[in-house]
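The next part holds the structures, each set out as structure tokens.
Both complexes below contain chain A, partnered by chain B and then by chain C.
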Partner chain A sequence: MHNSKAHIWFIAPAIILMIIILIFPLFLAGGISFTDYNLGNKSLEWIGLENYEKMFSRKTYVKMIWATATYVIVVVPISVVLGLCAAMLLNSLRFGADIYKTIFFLPVMATLLAMAIAWEFTLHPTLGIVNSFLANGCGGVREFILGFHWLPWVDSQQSWYHVACANNMDFPYWLKQKNTAIWTICFIGIWQAFGFNMVLYLAGLTGIPRELYHAAEMDGAKSTWEQFKLVTWPMLGPTTLFVVTITTIRTFQVFDTIEILTKGGPSKTTYVMMYAIFEKAIQQNLTSIGAAITVVFIGFILILTFFQRYIIEKRVHY
Partner chain B sequence: MQAKQYIGESWKHGILIVGAILVLLPFYMMVSMSLKSQQEIQSISGGLIGAQEVQTFPVCVKTGYSEETCTTKPYIYNYWFAFEKAPIPRYLMNGVIVTLSIFIIQVLVALPCAYALAKLRFYGREFVFSMVLFCLLIPVHGIALPLYVMLAQAGLVDTYSALILPWTISVFGIFLMRQFFMTVPDELIDAARMDGMGEYSIVWKVMLPTAIPALLAFAIFSVVAHWNDYFWPRMVITGNRDLFTPPLGIREFRGGIDSDEFGPMMASIVTVTVPLIVAFIIAQKRFIEGITLTGMK
Partner chain C sequence: MGTISLKNISKSFGSTQVLKDLNVDIIEGEFLTLVGPSGCGKSTLLRIIAGLEQQTSGDVLIDNKNVNRIRASERDLAMVFQSYALYPHLTVRRNLETPLRLRDYSTFERLPLIGNLSPNKKQKTESINQLVSKTSETLKISELLDRKPGQLSGGQRQRVALGRAMVREPVAFLMDEPLSNLDAALRVHMRSELSELHNSLKTTFVYVTHDQAEALTMSSRMAVMIDGNLLQLDTPQEVYDNPSSLSVAQFVGSPKINIFKGSSDSNGTVSLLNLTLKRKSSESNLELNIGIRPEHLEITNQSDENTFSATVSYRENLGSDIFFHVNTEDGMNRIIVRGIPQLTHEISSGSKVNIRRVSNKALLFNKEGKRVQFNNA
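== the complex of A and B ==
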């Protein structure tokens, strides 16, 4: 074809940068995690697995794993399902779908840090509109709906809403309370992520041929639910797999909301891995333990992606 | 039948409107707070824009401005004082410098490499491509700590280089461009070679123009990601205000949540957040395309 050596010049910069910026740091993190190195130290000592032992025995790090797992396990499924529901609703709409799409996509676009602060004020116990909305609703329809009084097994005198109203408007300090902080952070995570999933699902839905629905109808799948089970869900298999993987990887990396809103607290209930790396390695200058967390973190992500590739090859062919 | 359909449709709109309100809640709060006076914010009154009564703002007087300057409507005061307190234009400009440099370098590195992987035959091509595929798995935020150690050893913490360097290689960009170039017919390149064009001019004069749509989507993807990124700047910029990117600025404005005035603070946050949102609303289709780019296979 051609004998020029141009390709060397074309690929060399990319290869050099890949090695320095992406591959070498993996080994560096691995290396540091077996030492007692701290940034600025002149010498370092090999301490083997000590950092990892700390990670799996000390309370702080056990809590870290818990917080991260809770966040991922809550945010991924809910934001995926919400994204799917929103996409299907929008797809079946006669008019106005574009407006909802724009609105639901706004959180994906907006600077998360700014929105975290906006949420902080929205949920603020004295300045926020959420708690004032709740307080104004005591004894009314809001209490009935949000206190779950409409569920037969909820005693209307004992519901969380009624108790809060009775105790001088003692509504939760969403981000400051041990039992609500992580769920509030999860909520903001879902709020931010589901629009992205919705758009991916909308693209997936347009790829399903109309004829399949007609065929399903002829086979006796009349109701929407049956058609969903028979056609939509299997046809969306590849999209779902992709959406789940990418959401999981993003969710693992949650940092902005934690750093600005809770700093890992109260009592480490929101102490996720990315924040732990930042706090240990940058703020407390414990580089080696930060490196150990990094290794575990990357391990999680790699396992997850290989798992996804494996499933792609095995199953999701329709 | 007709009536039934309308009921179904209304139900859907009902659910979606509740969802939309929940989604817009913090945006409403943000804009509303940036327009109202401190008293209105604290008493949660005044609706979206407040009463806009002309008044003298005590914090402003305390800072040393004349009483005359400090007497105005809340929304004017909030935005004026926000710009007085912090070098917002500087932060925005840093955002532009960093995101643009990142994007340009990413293209300079990725485009030739993608061309070589797609259209040139050479020994080791498969190996390079599998290297790209492997690197796709590595989240740059995940390896932030070793990168930070490397930059610290090189004495680059607190510089523009620290903000830009780790992002100069976009394996995703290489992958995307390669897939795109695979679809470009070989005849086009052969014709260019017949005309006596060298490989360099082919990359920049033949391939680049054909790749404009894909590049545009990639540009949006890259710029949005780095404009909004907080984690990395937070790691490598420790105190130098001159290097603050918009998110670091936002963090600074938040400062003392209990002591400060909320109006000017929210005004700064709105100012920093707005450019991207306006761009999004104007060019929605392209933005959604660009940001969900990772969904293309």
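== the complex of A and C ==
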């Protein structure tokens, strides 16, 4: 039994496949990133860290890191918190929960391509439903609410809404404007991601024994917030860990919305890593710089995985 | 401190009525057991007392104060759950501290870091620590304080659940089948521990169980519930000796009471099988169910007017007792008789035996299961 080689036969197919489709390309990309190879070149030269130097010095790549970081830092927490809130709200509903579940989960199931085209029309600066909705609301309740006139420190003559109304309906161009494009993309990302998180949280919530809430109530946890702190949040620990990890990886990989809606623009404000890899390595045939971006991308994912594996996991109760 | 009164409590889930107009007065410091077969509504009643469930109609009074509109967390009761419901992510120490922290600290003091600035917090923390160590010593769980519930055995978890209820001094303890997840030996052991605990704490205990043995051994009074009705509320001895109805008689006692079909004639003389009873029934000309407990029947060699013959079909040896399942000659009754091992060890299944009844022990019930008394005359 001890000399049996059977175990090798069992794991060999998986290992061989992993080497061929994962590990080997990874090392290949790593190798290429240190050269000046472009697709179609007959020869290549070792140029060391030059590609990486470019990445951290050239404006384009700095913008790329910014865009990616902004997207991840905005989308992950908001979509996780929204998913949790939606799940808890739906969990407390007696009727109609199924309808809301379907509505919130629809963006996850639908083809992102079709959804992105729908968003493109919706957010069109002149023809879009969003801007015509805003334009029709000038001077009305919409202006009061969306212009934040209800906040005591907002001057109703100076609010963004009022100014836009006064300047011949000069509403934001959303995807076509430097200071709004990334936030609009973030909004679409949240809209698309939170339904998935909600479903995961719903599953997590059903796993919490009701008796724990009763025990908390008997122990004197009066407010919903206290019961949430004592029971719901810790019991959802494993779910949260999973949700955060998977959302982070998915947001790092954002590509389709960018490709369809902005192509990385305007002036590279939505130039996220995945789109940069696509543009450099596939469209412009600059294989070596594409490989360098890929290596950095994998580095980020590895750091995240490490963080999840060794730091958060210790604090989560299973 | 510690009286609980239930007045005309009813509870329906949809169209099914699970509790039907119950009235119970729980005396201060007593150990009251709610006992009944599963589905009789006893857990629901306990949860109504706790405030975790709202009664459809009726009033709950704790210390003569109506608590219908007071929520569970403010009724000052402590509860031990069947599944223990310990917080799995907290250590045993934190589990025990939780009820104290939630009640003693103010909202501000419970804030992380900033809360420590409160001048009273240090003192409160000290008193909490003291209470926790006192409780854990009483329950002998001091060495478990730094473990998580997942690392404990069933019996240890049970103690921790008990400890969490005990740390603060509640008006009453409510226990929902706390021993049912333990193995048989530990369950018997915990019975005596719980009784001792009750004696030393002198707090009101309300204890729900489906196990009539637990009810008989531990309680100062037991309430027998069947199908949402409270059938009898009395001391265990009284319930056992003097059940109010056939269902109570059949539920309490193990093995089950033997029921014979019989009748009373115009004089009130009761006859069953080939026997007649000396005592006369208070109601004449009646079809009767006559209940005789297994220990009030004995196997004998003689045959006289107080014996009947039967065939042994199964022999159940418990060591200290042997129970014989026998069929009477007319084939109508399958009954259980207790035998003393020394006298009956040679009797095996299939053998014919004579059975004598111990006089003055029979219980009479009418066709509807109501108790029928004997004439004292």
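Everything below uses one rule, namely that the second predicted complex is superposed on the first by the 299 of 318 C-alpha atoms of A that agree within 3 Å, B and C clash if a C-alpha of one lies under 4 Å from a C-alpha of the other, contacts with A are read in each partner's own complex, and residues count from 1 in each chain.
Criterion: contacts are C-beta pairs under 8 Å (C-beta built on N, C-alpha and C of every residue); 3 or more make two chains touch, one makes a residue touch a chain.
This one's a predicted model, so the numbers in the text were calculated from it and none came from an experiment.
In the model built by aligning both structures on chain A, chain B fits alongside chain C without clashing. By the touch criterion defined above, A:A221 lies against chain C but remains apart from chain B after alignment on the C-alpha atoms of chain A.
Superposing both complexes on chain A places the Cα centres of chain B and chain C at an angle of 90° as seen from the Cα centre of chain A, in steps of 10.
Applying the stated contact rule after C-alpha superposition, one finds that A:I246 touches chain B and leaves chain C untouched. Contact with chain B, but none with chain C, is seen for A:L302 once the two complexes are overlaid on the shared chain. The partner that reaches more residues of chain A, of the two candidates chain B and chain C, is B.
In the overlay built on the shared chain, the residue A:V231 is in contact with chain C alone; chain B does not reach it.
When the two complexes are overlaid on their common chain A, residue A:I11 makes contact with chain B while staying clear of chain C. When both complexes are overlaid on chain A, the residue A:V141 reaches neither chain B nor chain C.
Legend: residue contacts after superposition of the two complexes on their common chain; A:E211 is shown touching chain C, with no touch to chain B. Smallest inter-chain Cα distance, chain B versus chain C, after superposition on the shared chain: 10 Å.
Common to the chain B-facing and chain C-facing surfaces of chain A is no residue whatsoever. Chain A contributes residues 209, 211-212, 214-215, 217-222, 226, 230-231, 234-235, 237, 317 to its touches with chain C in the complex.
For chain C in complex with chain A, the touching residues are 50-52, 71-74, 77-79, 81-83, 85-90, 98-99, 102-103, 148, 164. If you check the complex, the residues on chain B that touch chain A are 9, 12-13, 15-16, 19-20, 22-27, 29-30, 33, 41-42, 44, 108-110, 112-113, 115-117, 120-122, 128, 131-132, 135, 137-150, 152, 165-166, 168-169, 171, 174, 193, 198-200, 203, 224, 227-228, 230-231, 234-235, 246-247, 250-251, 254, 257, 262, 266, 269, 272-273, 276-277, 280-281, 284, 287-288, 291-292, 294-295, 297. On the chain A side of its complex with chain B, the touching residues are 1-2, 4, 6-7, 9-11, 13-15, 17-18, 21-26, 28-29, 32, 39, 86, 89-90, 92-94, 96, 100-115, 117-122, 126-130, 132, 191, 195-196, 199-200, 203, 238-239, 242-243, 246, 249, 253, 255-256, 259-260, 274, 277-278, 281-282, 287, 290-291, 294, 297-298, 301-302, 305.
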